């Protein structure tokens, strides 16, 4: 479903080759939100990031990789994102049923050493499994950021050459940054800008909080009276920081919380011009019925946004 | 011998190319347990890991690489796994007699420096020696884990492209983990999950103990009442953590012990749904007759498991 | 417009292949200063280097990558330089309207860790986006200088083979150098010399100050009475240090300041034989009318220089 | 001279391609010991390892690279081993006169920093100079051991593919080991085992001393009463540790000493089943006549061994 | 001019391919000393190593890269050696007028951090600029020596394959060595030996002083009464350490000094069998007339040497 809105969005990516634009169109053309220019994505990387029991014991059906394919398809998500093993387990069985995003790096929580991602998949893997995009996480603010930027840059170029767009998970954190900076509005917007400058097609950040973290930024936010009070305000600033809205930016749900809280947040994201949500634990840790209902409500919220 | 059970197991690996599935079928189709979907493997890497006298003085016939080929063949093992030198010494002589697994990394105990594996073989070596799979050891929890994951990921992809499946030895250990965590049930299940997410076809872990190590995991094990009291319980949780049983997971015997202890352990592994055992020192350090008897009993145990 | 002056300048680069010389000619043949042998370039890398709000809040039109293409074109600049994301966003839309320079490395200010650039683009990117040159920043005096020199050397060779000249941003700084050395005349001239020796086609330095930093240099400046009192003097020494004027060297404007201060500085640069200016924040942070006026005045100053 | 004994030895290397076996046959088929399955090799790497005066002043004819080629040929050695420069200086002049072994790594004693070898030659060099084997030194027990094992592994594979066997110099030493461990019998046998496991065709160790160094090994040596009292005993254990004698292991002479001491040692090496000697300083630092006599006596000892 | 003497020298390099020998012949066949087997080379790398003012203010004509080409040609030098930028600036203009040597690594003195060279050119650059040889500097005795040796080894092999010989600048220095060791006779001879073993075609060292630095070497120099009193003696030992004179070794002039001192030193170098001089600052920092005279006198000294 290649609507006017989708055609308009694709025009921002005119420097890309037709293969890459085609896969971007696939993401925007699948599921309940097809053609709206909005996206809801199901990501399941917690098995690697937090371990199997912490991830799947609340809803043991989720130990089975097939479960998540089916949930993403049935709930009408635009795409399903996971690490290599989980995608490989179902890619043949569910071939062509939903666009897949291969998350190329992941970080476990087994070693209480410095947090750092390992490359756990490649562009070649994404291609042989029929994926529509690759995903990669950066930690702006960390000591390893430059290596991450450089790896990302190489992956983006390789992916592009093979017709795959890139989704960047931008999580500011690390030795160079205090806890309170991680979701500050200036830092979130800066991390989103960096992602766009590195060539991301879609950026994924956490919903920013009403904190301005860097002193140099504080002066500017005050001098030019940039509003940051409501989440809607802050989402608007992040969208503006993504090339005046010419790069797709979506927001994560974060830790599991109750349904009204999730929907309230989504309403503000949509009002601020956010392009969508990526919702993992809030979806797959609920019983399937509840997850279907919640994802449906989230999609309805984005659909009815201006 | 491509039984229904084997065909069912192979269906979990449908995203792999026929070459890789064929070699997986070879492992499942050889020896006493052919067609049962169970595996008993003879591994001999102690010459490199502990030195020649500590490994082979108890049964000096084992200094000779031919001995282990012959033992694995005669006892009806599914496969024989060893480092480059030991396989190369007999690969031509015993060509086609038993599936071989080339262990691609090994760690000596000469330097009392940090424990760390060196790459001691390659996919190219495995191919030129006629092997049916590669093996690789990771130490989740160690500072070097990410490098190991990345190397493994590259090896798995290279092996797959050449039609070889991968067996991952997952041994949690290292600077980020206390001794008691190494065989804890949460840690063992997590390490198995990571292996599966990285694309392992077969995972090998130690039999887990009745300890939950990480605080975040403890809460979950308690809240959802995950049983861990018997080895059977714990093996069941590990099997579940391997993609709800859709990845093959086998268990090692560990240090040499007496025969009843070995068989008791194996009985519980089989009852919990474990796919088999990998048994080194308990086999080759016994006189040949005893080793033949023990391996036969182990196989019988798996054969009669439900 | 391939004037006598331009042909003379190009003769200094006779060892380069025709493709590289052609792109150098494109930079010298575009905009208001076409054919004069002088250059004014618009660079916009602050979104990456300082963050979006600090860069674009003063003139919010600048959040949009299209804005800078249009400003560079309309004001008659010789070229527009930016990181990958900003160029990619407009390269297709503005194809062929102005020579582009892809800045291949950038440093963010999110981590308060050691300042260090990441590679954020490649020669391949420059080619697929239709750029006329690559740009690269070195920090002579830093502990990482040798890695930077080596990366630059490889990029220059790769770029040359594909017909692209290289602009080097030479910013002395780092652990091996006190703050006062960073813009000292001896250090600036030395950094410019290094850039030329590494094969730069165009060197970009900051306007040097009347300080001689290194003891060994002080003796020589005194013994041979090298004049450093006026900016004109100092620019002349830098030009001489660029192979007796046989390599193009241009000067940055630095932090935003008022119009008379900018123009006074430019007049001295032109008088000392400088080949031009590169002007970012002083241009795009002003309202568009003012920026157009200022850039026009700067170009007029260079045009009327002897 | 491809005797029964040589054919038997070559049968242990049946997994190797014919090119590699051919070169192994060349080493076993040249000089006084041709066809006996024994080897005496002249190695001259001291110019690099200890400097020219310390190496060659005792017999200044040795400054000239031609001298060593001629000595190895005239004395009837199986092969001549040296670093790149020394081999290159005579490879054309003496082409085809004696099998050459290119030592691929060397360590100078100029820097009193940590001892570590540099790669000073390549398989490509060995091929273009007409060599019959490559040589490589590892330091088991050192912090850099894993890098050395990995480099060796890659070199062995590359060499094999081009038909060249590998001689490994195994010298236990480094941060993880006290001085007394370096020539201990358990350590020497372990280092030899590692070399074989890594794929060495020929292993070279120092004659082991009557010391068992590691506690875990001590228990085993005592429990199984492994004899270590005479050098003959110890050589026998090392030979056994080299795949029950199915890999060639030779012994070095170490520091220069008097003739009876050299011959006494060689007699024990031969009695213990050692395959030969590698003798540098004891040969080329003597006047040519004496060196010829000594090498002749050593060869006679091996020839008359059972 | 391919005289008997040159043909004799070339015979020492018989293992090299004809392309490499041809370029060696070009160096020996150009300028005033053509056919004598002696060499005087003009090197100009001080712009990079010490900065422009310290290098060229004494004779400002030297800021211009053309100046040095012309001086080397007019004075009758065998070759001109410089870093990439300086050679590239004149390679097209002076094509075919004098053999060029591209110095592939250089070290600036901007950072007062550890001294270390960066690769500033490549074999590919040398080829595209029409050079007859590459040059590379090693610091034996430094912590980075092994990396330097390995890089050099790779460059020598790559250069050889393309028909280019290699000149090695061997400067002992670094953390592992006190100041007084840097020009000691044992150290200088050792550094020359290492260069030859690594495959250098021409070695360049500083004139050694009458100091024996290493204890192990002292014993040997005393025991075998190696004369070191005069520079002639010491040059003779260095020549002997270069494969008994079968590798070309030349000597640098070091810091600028007066003409009689330069010529006295050169006389001793020639008497000791040195193959020539490499003379930078003593040449290009003098007014052109004086430089022409001095270089002429130096060449005459070598011409009249036995």
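Couple of notes before you dig in:
Note that the chains are named A, B, C, D and E in the order they appear, and that numbering of residues resets to 1 at the start of each chain.
Note that in this section a contact is a pair of C-beta atoms (placed from the backbone, for glycine too) under 8 Å apart; a residue touches a chain by one contact, two chains touch by 3 or more.
Being a predicted model, the structure only gives us computed values, none of them experimental.
Counting steps between touching chains, the shortest path from chain C to chain D takes 2. Averaging Cα coordinates per chain places chain D and chain E 36 Å apart. The geometric centre of chain A is 59 Å away from that of chain D, both derived from CA atoms. Taken residue by residue, chain B touches two or more other chains at no position, since every residue touches fewer. Ring order of the chains (start at chain A, first neighbour chain C): A, C, E, D, B. For chain E in complex with chain D, the residues that touch the partner chain are 12, 14-16, 140-143, 145-147, 149-150, 153-154, 157, 172, 174-177, 186-187, 189-194, 196-200, 214, 216-217, 220-221, 223-224, 226, 237, 240-241, 243-244, 246-247.
Chain C contributes residues 47-48, 50-54, 57-58, 60, 63-65, 83-86, 88-93, 106, 108-113, 116-122, 124-125, 129 to its touches with chain A in the complex.
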